[in-house]
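Two complexes follow with chain A in common, the first pairing it with chain B and the second with chain C.
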Partner chain A sequence: MPTFKLDGKTIPFEPGDSIIKAAERQGVEIPHYCWHPGLSSPANCRMCLVELVPKPGQRPMMLDVLELDEATGQYRPAQKPKLQPACYTPAAEGLEVLSDTSPHVTQARHDVQERLLLNHPVDCPICDQSGECKLQDYWLEHDKSGKRMRDEPVHKSKGVEFGPTIVYDGERCVMCTRCIRFMAEVAKDPVLDMRERGNLNEITVGPGRQLDGHYTFMTEHVCPVGALTTKDFRFKARVWFLRTAASLCQGCATGCNAHLDYDPRYNKAYRFRPRDNEQVNKYWMCDEGMLSYREAHDGRVLEASVRGKPASVSEALAAAKDLFAGVAKESVAIVLGAQHSLEDNWALRELGTVLMDSRHVYVSGRPDGYEDTILVHRDKNSNTQGVKTLAPGARPLSALLGDVASGAVTHVIALGGAAPVDAGDLEDAKLVVVAAHEGPLTKLATVVLPATSWAEHAGTYVNARGLKQVAEAALEPLGSSRTAWSLVAALASALGYQPSWSKLRQIRAQLTAPTAADAPAAAALAE
Partner chain B sequence: MATATFPKKPADHINAKPVEYAPHDLEVKSYLPEIFRGVGVSMKHFFENTREIVRGKLPDPVLDRYDDGITTISYPEQKRPYPERFRGVHRLTTRTDGSMRCVACLCCSTACPAQCIYIEAGEYPPGDKRRGYEKYPVKFVVDELRCIFCGYCVEACPCDAIRMDTGMHAVPYDSRDQFIYDRDLLLSFEGRDGSHVTANARHEPGDPTHPGLTREHSH
Partner chain C sequence: MLKRTDYLTRTYGKPEGWKLAAYEREYGGYQVAKRLLTTMSREQVVDEAKKANIRGRGGAGFPMGVKWSFMPKVVGAKPHYLVVNADEGEPGTHKDRTLMELNPHAVVEGCIIACYAIGAHVAYIYVRDELHLSKTRLWGAISEAKARGFLGKAPFGKDWEVEVYVHSGAGAYICGEETSMLNSIEGRRGEPRMKPPFPANAGAFGCPTTVNNLETIASVPAAFGLGCDEWSKLSALHTIGDGGVRLYGINGHVKKPGVVELAVGPTFNELIHDIGGGVLGDKAIMCVIPGGSSTPVLRPSETVNAPDPKSPMHPHHGKSVFDVPLGVETMRQCGTMLGTCCVTVIAEGTDPVWCMQNLMQFYGHESCGQCTPCREGSAWLHLVCTKLLDGEATKEELDSLHDIANGIMGNTICAFGEGTAMPALAFLQKFRPEFEAYVKGARKRADAKLTVEPWS
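The block that comes next holds the complex of A and B.
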């Protein structure tokens, strides 16, 4: 692999890489605003300027500048090298680049930072980006000087509603054009553009249009400052109070990697942020996915119920025992849930096929929906592939409706409340549902047991491409909910069986826990 | 497995004396003789002192303290003056138009070491000139029981919206929930100068005191 030198450190690069990209891959950050690994390089923020050392025998390109002589207070002519943007300059074999070690680069960063803050309102206390803002970070790292301009800053439009989800503040904007490029290059909907020039420059929406579609939240995510804020998150929380868990979006079978930001003091989830993963979602997530953090709280089954009346978990288990008293094992069916983790499904499969010796295995989940070619998958369940690997012979829920109607199945244990088809016929069956979210099945169920959602327990999910991914737990269990696999174990004990699992690691050992080596292999398989 | 036996410490290593208990007879159990004996000692000194004070052989302690200039005041009707920078219970200040200065930035809540400030931010209603970029506290709750009166919230506030210059100390109440001061109560308190605003004027764009261009002159 060819290499170049950055501040004396050898950096390998792939042909076509820019200096900044090759450096980032090695964990060396060159400060930048406009560059984003997933977007093109306009080289307009000038923050990533670096000095290129000329080859021996070559003359460096020098610029005539005026330099302030501190002693006399007079300006005197001087020269400085022409700096190059690291995001736009391709890496080349043997290139020698000076970044942190060059006084010219240090000065340039300081000056660029000062220029970006010239007309900035510095309203950090009421800005939602505060705490994760590049302007704040780089001011501390590269500027650390007070404002010298004594004039009133230029005022631009504030609180402009770009669309149903995004609000724009022109005064905070540094015109990096990341949002414009995201909409044009990734979302393929070039609805944003800039107008005016110089210090009047601001982002605007195309005439007759508004910023809508399925990828508007990403414009806020790529914004390095607080110019774009989402109506969903703005004013809700300060980011320094939030903690982050490496979670997975549960909205569809793509399985986008996401950070789940939550406030541990109130045990409440506040937002999803995309977690970079080249194999799955790269740097992006769709709007529906970004908003699906709400499902950690909305539509949850938080208390057990028996025939629609609230009950304690132990009362519900006793009711399930009465319900299943003296039932023939041929007429018992289990319904795996494509929305629940591998561990939960493994536990129910173990109860159904090993302990209860049932041959009726079905799978349920949310119905299919909107899909696109960028990220959104037609299958709206996060673990359909996982259920397929666990129970390859599982039949769809519609088959269960037929079996219930013909009398072959009288008793059903289901995981998850969602159903892809109208499940009203299940009314005739004795139904026990272990679910985190309400759905058609929890409405029909005789006994409902409250399970924790993906936000409250660690779980493994297999996405549409067969990639096994683990989501971390963030919140403490809400209400009286418990993990579904432990509820299934309690149900097994209540029905008079001896469950073979009592800890998550026992199930994980059965599942052959996913390893780092596993993921690329699975991805290659899916290709 | 055999249980392990540990060597016992020799008795002479115990550095203690056995206590001699009083015998548990009726006289000790009834308490009364000892109580009368104790009260008797107190009364003996009371009468001795009274006799000596009346004869003028002993100084009167109360009159002595008056002579030393120590006076007791009738609190709460009378109050001692507090120092100028005394940190009393919080108040929320208002702008000159009567609206609250707080922008719900949560800086006070962040700086608070006792975590006694709870704020929920909200957006100004449609049509308000501050809608879109400024927020205000829908809920602003200070738990005066948790508060340690360090004044960090006042230091942290970028808008001079929270002050501790009411001159009131935390008052004792009957129940704990009375110590939970909400937004409207905090807004109702006056500073020691009797006003709801502060001496530090806020120069907003549009105010005549604001330097430079106004928002109306913006491009």
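The block that comes next holds the complex of A and C.
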């Protein structure tokens, strides 16, 4: 692999890499605002300027500047080398780049940082970005000077509603154009642009339009400062109280990698943020996915119930035992859940096909929906592929409806409340549902057992492209919920069987060992 | 050496000099283009053009023929374009306007030759929005040329289609920067692009493009008409690669401001006194801005320091910079730039702090605002200068001015940054006592002047 030198350190690079990208891959940060690995490089913030050491025999390009001799009060001519943006300059074999070790670079970074704060309102106490803002971080790293301009800063539009989800503050904006480029290059909807000129310019929405569609949250996500905020997160939390878990979006079969940010003091989830994964979602998530963190709390099954009445988990297990008393194994069916983890589904498959020796295996989940060519998958379940690998012969829920109507199946144990079709006919069956979320099946069930959601337990999911990925637990179990696999074990015991599992690692050991195809997922997890 | 010529301006002042009839009478009318297209190959035209030593007339002074030679030799899948820069927004510069209004056919003929040379079939002349008469005259010349078959499918029977269009700017100085102009032509926001890619590789609509100043293009028929070698030798500086004749402007505090055609190489003193009729009120000169407000000012007391006999400046060693022939290289050696060579004369008694404040107001207003050092720096320079004038600036603020300008210098996307920092640094360096006087309260805005008698 070709290499270049950055402050004396050898940096390998791939053809087409900019200096900043190759450095980032080696874990070396060159400060930047406008550059984003998933977008084009306009090189407009000038924060990433670096010095290129001229090749032997090559004359450096020097610029005339002035220095002030404090003692005499006279100016003295001085020279400085022409710096180059690391985000735009291609890495090249043998290149020698000075970043942290060049006094000219140090000066340039200080200058850019000072200029960016020149007309900034510095309203950090009421800014949602505070604590994760590049202006704050870089001030400490590269500026540390007091404000020299004592005059009224330039005032611009504030609190502008760009659309149903996003609010813009022109005074906080550093004009990096990431939001404009995201909409144009990734969302393919060039609805944002810049208006005005000089230090009066600001971001604006195209005439007659608003910032809408399926990717508006990403404009806030790419914004390096607090200029764009989401109505959803605005004024809800201080980020330094939040903890994060390496999670997975459950919104569709794409399986976007996400950070689930939560406040441990309130055991409450506050937001999703994309977690970079070149293989899956790159740097992005869709709006529906971004908002689906709410499902950690919304529509949850938090207590057990029997015939619609609240019950304790042990009462519900006793009711399930009564319900299943004396049933013939040929009449028992299990319904695996495409929204539940591989571990949960393994447990139910184990109970159904091994312990109860049933041959009736079905799968349920949410119905198909909107899809696009960017991220959003038509399949709105996070683990359809996982269920397929566990139970390749599983039949769709519609088949179960027929089997119940014909009397072939009389008793059903289902994982998850969702159903892709009208499941009203299941009324005729004796139904036990283990679920994290309410849905048509929990409504029809005689016994409902409260399972933890993806937010409260570690679980494995297989996305549409067959990638096996793990979501970490963020929250403590809510209400009386327990992991679905442990509820299935308890149900097995209640029905008089001996479950072979009592620990997550026992299940994980049973699930097939990772294959070569899973390697990228493992790498993604390591991140 | 002052040498008046009329290669570009023969139709100036003639009745309906902008019409084809006048162009035919005075210049023979498109005979040069006809000869080149029908007897020479593209490559021959480019090689010949190099000999004319036409340094770009827009300010940067890049040799035109060399620029042409950067275009791909073979026209590939992407068409080539010629873009003619007539945005002319630099304060004090108004030479291209005279060509468009008074000799538009030279521009159109130049377009035909340049298009042929660079392999283009389409030329866009990008004219500053305010120049309505210029646009009208250009369109008039284009339709006359079209009616005679000089433009269109087969000019002069040669199978090389050429169309010329006038494209109106929308009132932004920055669109005079070549890549910004390309964005504007494409209907985008007028913001400079990062280079590379250079226009010769990816210019208008992502296709190979040559961007030439309007006067540069208008010089082409005259240069070829005379023979490019001969043309180059008209200049006093042709031995250092600066050939031909060009339009010199003289304005500011002179008695007879205007635009004249001269062989390359007059001095400031010749321009000011022989052409400009001397300084208003016969005052002494405080300084001159060589051409275009971005070029650092020169004071008459400055002398050339070139003791080395090998230096091209040695013949002028010890002389006042006001007695040096005005050329691209000579002005560079004097620590400034020739730029558009439309000289602004500033008489003694004018307030240099106000001059700088005035320029910084312009740059602060015209920065496109995409890159941080220029967006914030140019407006900050303006702010501090204004405070100085108003007697509100502290010593610390005065001492921050060069630092703000240094922070712009070289750190921006386009040359606008240097165009702001260079004049700022020059004013500071050359007029520090006057700046200090404002901090000390010894100078006041109420007493300051930008103009001199008899109009002050």
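In the analysis below, the second predicted complex is superposed on the first by the 512 of 527 C-alpha atoms of A that agree within 3 Å, B and C clash if a C-alpha of one lies under 4 Å from a C-alpha of the other, contacts with A are read in each partner's own complex, and residues count from 1 in each chain.
Note that a contact is a pair of C-beta atoms (placed from the backbone, for glycine too) under 8 Å apart; a residue touches a chain by one contact, two chains touch by 3 or more.
Just so you know, these numbers come straight off a predicted model, no measurement behind them.
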item	value
First (chain B), second (chain C), both or neither touched by A:108	second
Touched partner set for A:169, first chain B, second chain C, both or neither	first
A:200 touches, of chain B and chain C: first, second, both or neither?	both
Touching partner for A:238 - first (chain B), second (chain C), both, neither	first
Touch count on chain A, higher of chain B and chain C	C
Which of chain B and chain C A:126 touches, first, second, both or neither	first
Partner chain in contact with A:151 - chain B first, chain C second, else both or neither	both
Partner chain in contact with A:118 - chain B first, chain C second, else both or neither	second
First, second, both or neither for A:497, with chain B first and chain C second	neither
Interface residues of chain A shared between complexes with chain B and chain C	151, 154, 200
Residues of chain C defined as touching chain A within the complex	172, 174, 189, 194, 335, 364-373, 375-380, 383, 387, 396-397, 399-400, 402-403, 405-407, 409-413, 418, 421-422, 425, 428-429, 432, 436
Interfacial residue positions of chain A with respect to chain B in the complex	123, 125-126, 151-152, 154-156, 158-161, 167, 169, 200, 235-236, 238, 240-241
Residues of chain A touching chain C in the complex	41-47, 49, 63-68, 73-75, 77, 80, 82-83, 85, 88, 107-108, 111-112, 114-116, 118-119, 148-149, 151, 154, 174-175, 177, 193-194, 196-201
Partner chain A, residues of chain B touching it in the complex	103-107, 110, 121-123, 131-135, 158-159, 205, 211-213, 215, 217-219
